[in-house]
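Two complexes are shown next, each including chain A; its partner changes from chain B in the first to chain C in the second.
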Partner chain A sequence: MALPLPPGLTPPEIAFLCEMELVTVIPRQRLEGLELLGGSLPPLNPPHRTAMPLWLALLLKRQRRANILPPPWLSPHSLAAILEHETDHDDTFSPPPRLPPAPSSNALPFSAPFLSHATADAAPDALPYHWLELGEMLLEAAADDFEDPDNVRKLLRGLREVRMSKLRKRVEDLQAGGGVDMKGVGGMEVSEGRAFVTGVIDNLRRIGASLEQQRRDRDREETADSDDDDMSM
Partner chain B sequence: MSYYDVDAILTDAQKVPCTFELTVPGLGFIEGNMSGDMKQGSKVELPLWLGEMLALSQSLNTSSLVTLDTPAALAPRVLNALKADSRTVDLRALAPHFYNLGARILELFDEEEMIEVLSDTFKARAAVIADQAHNPRGALGEGADFMRGLDENERKLFRDAHDSAKAVRTWMTDIKRK
Partner chain C sequence: MALQQRLRGRQAHTPGATFAAYTPNGKKLITVGVDNFCRIFSTGSDDEPVTVDDCQENNTAVVAGNDFFIAGSEDGTVSKYSLSDHKLEDIIVRTSLPVRDLALSPDGNWVAVASDELAVKVVNTKDMTQVQYLREQPRAVKHVAFDNSGSRLAVSCTDGNIYMYSLSSEDPDMLKKVDGMIRSLESDAEASSRVLWHPDGRAFATPTAGREIQVMSFSDWERQKTFKTGHSADITSAAWSPNGALLATTSSDLNLCLWDSQTQKLLKKYDDLKATILALAWHPTENILSYTNNDGELFIHTGIVPAEHSTLLQKPLQPAPFFHDPSEGRAGNAVNLTNGTKLDLPERQVRRAGTPDSLDDILGPDGLSDDGMDGFVVDDDGAGYAAAINGHGKRTNGHLGALQSPSGKRRAYGSSATFKPQAHESFQPGSTPWRGNRRYLCLNLAGFVWTVSQESSHHTVTVEFYDREFHRDFHFTDPFMYDKACLNDNGTLFSCQPHDSNPAMIYYRPHETWTTRTDWRTNLPVGESITAIALSSSYIVVTTSTNYVRIYTLFGIPLRVYRTKASPAVTCAAWRNYILTIGNGPVAGDGTCQLLYTIENVARDEIHQSEDIVALTPNSTLSSVFFSDEGDPYIYDSTGVLLTLIHWRTPGQARWVPMLDTALLSRLSSGQKQESYWPVAVSNRKFHCIILKGQDKYPYFPRPILSEFDFQMPLTSARSGKKANGGAKDADAMSDDEDGGPAEGETQSEQSRLEHALLLSSTLHAQLKSNLTHPTASPSTHQLSLLADLEVQINRTLLQLLGHECLAGEDRGMKALEIVGLFKDEDEQGRAKGKMLDLASKVATRYGREVLGAKIREVAERRMAGVGGAEEDE
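Right, the complex of A and B next:
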């Protein structure tokens, strides 16, 4: 192949997509409204909170022009509860945040990144799709905006370990033609697990190829037989 | 498998035991008998591609030239060992392309049990491979014996799993440097 990259998105690409998520920001300086491709940004007035894309928030944070308000699910309390749910339920991941109902019958339902899963009013009890990369980036750029950054970092690491080992354990009950239930799995975890899971399925299919061929032949014979019957009638 | 797939070519070059059903004049050199004939009923190890061709080709009289046997790497003794504990078997010593050889043999023989044993073996070993791939010290310590016994497909799986874990780890250290 011409492109020496593995299939799927690489971690920097996923982080780039994650930077489109809206986060809540408390500005420290006034800023005029901006016309961005993703929509216009209202003018920033220091004490008022504003939702803006993560990339802009990180930029303002590095220039010390704003503070970022971490989403409620990134608090030590929520993370500990989610971690407990993960360790209690061995075979499922903690559910993703609930989607809002479709605005009207003929409109498409919203999905990320048009849902604000990372603003200050997000659901506190569920991990959104970009939980890992968002958490890491916020902890890196805006650790001083967290109440207890070390604890949050420790909980995030624990969550990641528990969930990755679950994803690996799924493989043992994989079938050649079967699938894996990926509900609640985040973007970065998909990227990390993709090569392994697809590799296992490819090899299982190769081993079971003759069985599959037999089944296909049998199906073809059956349809051919029924065709013959039709002809004689 | 594509025409230029090196692994497929190497799989085809593995030896399988064949029994000649006919006496072939002047073919004794395969057995080491330089000037003699290949006697009927003599057993020889032929590469898979040659054995397969001779076994499947129908000559004018109805019997085929050779009959194939399952290779030593897939003998019942090995399958029993895999059923007992697949993690301790050194697949690389049996055949460097163990699963590919198994898949090729399964195309020729109809053995449902072998499919089951091979699939279960692969799944059980894949779980260990995943653990080793995410823990870089394991390959040097107690897991070294297991890692040495991986066949080519398993090595590729290990490398893929290891690379994706490493990519995420690299990204995490990269954002700290910004």
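Right, the complex of A and C next:
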């Protein structure tokens, strides 16, 4: 109760998690290999491309020691295609990237540092989980590495609005006690939608609860009346 | 001068704007003006002109074919008149607003009409129901101009942009909007913004806002040279002479100037004009320039080019004034002219006298034949469906191979006349030709060297590195005009060709030194030019036009000079002590020279491969040659295949192995992308290249980023169908869980992936092993560990393949046993260790294939007991 934070992850926390994603950089300086907690980083040798976590890439980019290659789905062409898909299909979100086939061992590498959804060889036709925050961060720190940053920014904005409005519209279904298909919704969108959706559900629950309460009261009164009748009898 | 005395204005029309045009054969000159008739002057006669009545008034443009002319008027009528009976033939088109300009395609079939309406109409002169509309421009159009092929139309719009259309397809499409060339003018202004196509068709020029004439190349839209006209008022008209050697400009400051195209120098200035000239028309063949002014007068100026310069007019077609001619090849080779004849103007050359009743005489010249749309088939994408025409107006045999001559009577001339082997032209790996005023001299993984040609006959060379910290970028002014460069981590090597009296020179500049000055230059003998240079970490190699290979140490000590056996030399490459030279060898069956390469070790003075063949497919050329970072030679050919040489240290054992066929890349499998790959290097077993979009052949500025591709030996073509839309590069990401495709297909693709991995790692293993086991090699521990890694990789892939076969069923046992035989399971002495066979039998047992397991154990026992290579001999 002392913690004033709303439930769930806050946007900065999601952005922090997003920094774990691997991106492709073209280094401009040599750097020895690093042993990071998230895994080891091969030595950087310009102009060989290297995949590294986003936080390190942003650090090197700010120091002008590297150029970040935006993932293919952040190209204006792909974004326009995805946006078209979003506007055409009113009831579903564009599908998330395909997962690699499950390896034979029981480890399930289906999360950030093991999947390369933001590197230069990612699929160009699907938005990964961290698409919004990754796009925003890259546009903020490495706008000069984009071919057409303004257009990308515009398209990202459009995508965000289309998808958020869809998410809000979905809430109508919740009243019937049904579920909402969240496939393809990104991390930041979950976080943004959470306050609204949980609020709605909470209110629905409260309304439902008060109705329940009323009914229960009525029931109790009825039984009480009958009790009284019994007593009177 | 006597001629000039006779120059007098002829009052062709009542005072007012007057325009003139010559017929293509130069016999007639037609003028139109404000009054309601046109006049037809005959060249070379002082007789009264023929008057064509029943015209519109206020004519604004006229164009002429050989037997008709077309005039456009301010009332919006475009009329066609016959030159044979001097009558109105047709009204071709009417516009609702005044006509401003007309342009006639060179074949005379189409006329483009610019009016104050927004759309430009392109109307067929013979069938006026055929009309094309060009609607991209947002405002009225001032001028239109067809290029020499008639397939492109330049539209000068009043908004100050040029809209370039291609008319070669059914629907015209806009190629390019060129801004910043012309000025925004009112559509009825006297000043001109007309696009002047240079007669060689590769460039055009326009008057600019600064009253200059700016040349722009058509292929890459780069600004080329400028004519600084010095007119004090707006340019009202300009025209190239028919061969492109001269440019005439005139302006409302009442001057008429003649310029030399090549030097952009003023040849002659006529300043005795009385009124502003509105139209200039060169006679197609003679030294005559006719012009009409805004006072109704026509001047037929014979001998306009002064006698001392008149030879300029006699020259064949001159190239447009480029900074660097695009045809100036990678090594400065001359353009290959078709059939050995000089490119010439059709009208100006000596035509071979026609035989009586020859087909050409009966049908008339090609250009004006009556074949409607056929004249519009123009070979603008080089696909070869419209044959080029040689200097004699005949189609060439360029579509035939070098040795294929037409059968029949030609045989009589003997074979020596037609036997023309095609030598591969020399090139410097990693360099690009001039585009505009800049080019890359060298582009590799260390950095890039580029040069910019400055106007005052020097270049500025810039060397940039990828690793900014390790080396500092530098740039310098270059009076020698270096045309080749090599760059590596130690230094930069430049070379220049001989010019004027200076011999060819090479210049080496180390990056870091501990003495004050260590860069050095050395001259080659007079008359020897350089075809290619190469720089390794210890030697410098120069191949020259006299077929010498010159080897220097890094600090300029000449170490070796010898003549190559394969000549002329094509290119060379170097890595540490190894140098690779490539030259033209004997002529192969298809008439092209076979390329031969030689690899030698300079330090040990030992030849590894002597005059061996560079394996190219017929009709393909070599694009690049380089050593990988591991020191293996790689070539990239014009069909987009990257090949490497394995076993190259043992003479006679070398063979070319394709490592990547870019045509089979999965990114191209959708068939929508059109791109090519410009090779840069091979490093870390990846192919580094620059992706070029569309028709581009060479990278340009700003420097595109490097892309890298994994090796992919051409085993199967790219996956098709539903997999193609995945777009991802590697096989793992391709398989989709979405539609849960049939497991059969997945296993299939997994199997082909494993097979490819097996072949790739065995090839790399074979290459590395033969390098390391060669007597001269002194393998480092790193290399040995790489070799061991590859061996483990091969065995792992084989085990996976074996697992697949076992899983597939008992009846695949034969294939499984075959896989078992492929294991790399030998120690240094070549004895079998048997470890892999143990593993294999375990795999078989795990899948419950007992029969197979027993057979594997049998093989293992035989190997352990038997002589080493017993089963290989079977």
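Simple rule for what comes next: the second predicted complex is superposed on the first by the 200 of 233 C-alpha atoms of A that agree within 3 Å, B and C clash if a C-alpha of one lies under 4 Å from a C-alpha of the other, contacts with A are read in each partner's own complex, and residues count from 1 in each chain.
Keep in mind that, in the parts below, contacts are C-beta pairs under 8 Å (C-beta built on N, C-alpha and C of every residue); 3 or more make two chains touch, one makes a residue touch a chain.
These numbers come from a predicted model, not from an experiment.
Regarding the shared-chain residue A:Gln29, is it in contact with chain B (first), chain C (second), both, or neither?
So A:Gln29 only meets chain C here.
Considering only the touch criterion stated at the top, classify A:Leu69 as touching first (chain B), second (chain C), both, or neither.
Second partner only.
State whether A:Ala123 touches chain B only (first), chain C only (second), both chains, or neither.
second
Is A:Pro46 touching the first partner chain B, the second partner chain C, both, or neither of them?
The answer is second: A:Pro46 touches chain C but not chain B.
In the superposed model, which partner reaches more residues of chain A, chain B or chain C?
Looking at chain B versus chain C, the one contacting more residues of chain A is B.
Figure out whether A:Gly184 sits in contact with chain B (first) or chain C (second), or with both, or with neither.
It touches nothing on chain B or chain C.
Taking the superposition on A as described, I'd like to know which of chain B and chain C A:Asn203 touches: first, second, both or neither.
In the superposition, A:Asn203 contacts chain B only.
Taking the superposition on A as described, I'd like to know which of chain B and chain C A:Arg98 touches: first, second, both or neither.
second
Which chain A residues are contacted by chain C in one complex and by chain B in the other?
Dual-contact residues (chain A): none.
Which chain B residues qualify as touching chain A in the complex?
Chain B reaches chain A through residues 99-100, 102-103, 106-107, 110, 112, 115, 118-119, 122-124, 126-127, 130-131, 133-134, 153, 156-157, 160-161, 163-165, 167-168, 170-172, 174-176, 178.
Quick check: in the complex, which residue numbers of chain A touch chain B?
Per the stated touch rule, the residues are 6, 10-12, 15, 136-137, 140-141, 164, 168-169, 171-172, 174, 176, 188, 191-196, 199-200, 203-204, 206-211, 213-214.
Hey, which residues of chain A end up touching chain C in the complex?
26, 28-30, 45-49, 67, 69, 72, 95, 98-101, 121-125
Residue numbers of chain C touching chain A in their complex, please.
My answer: residues 445, 465-470, 683-684, 705-706, 708, 725-730, 732-733, 735-738, 746.
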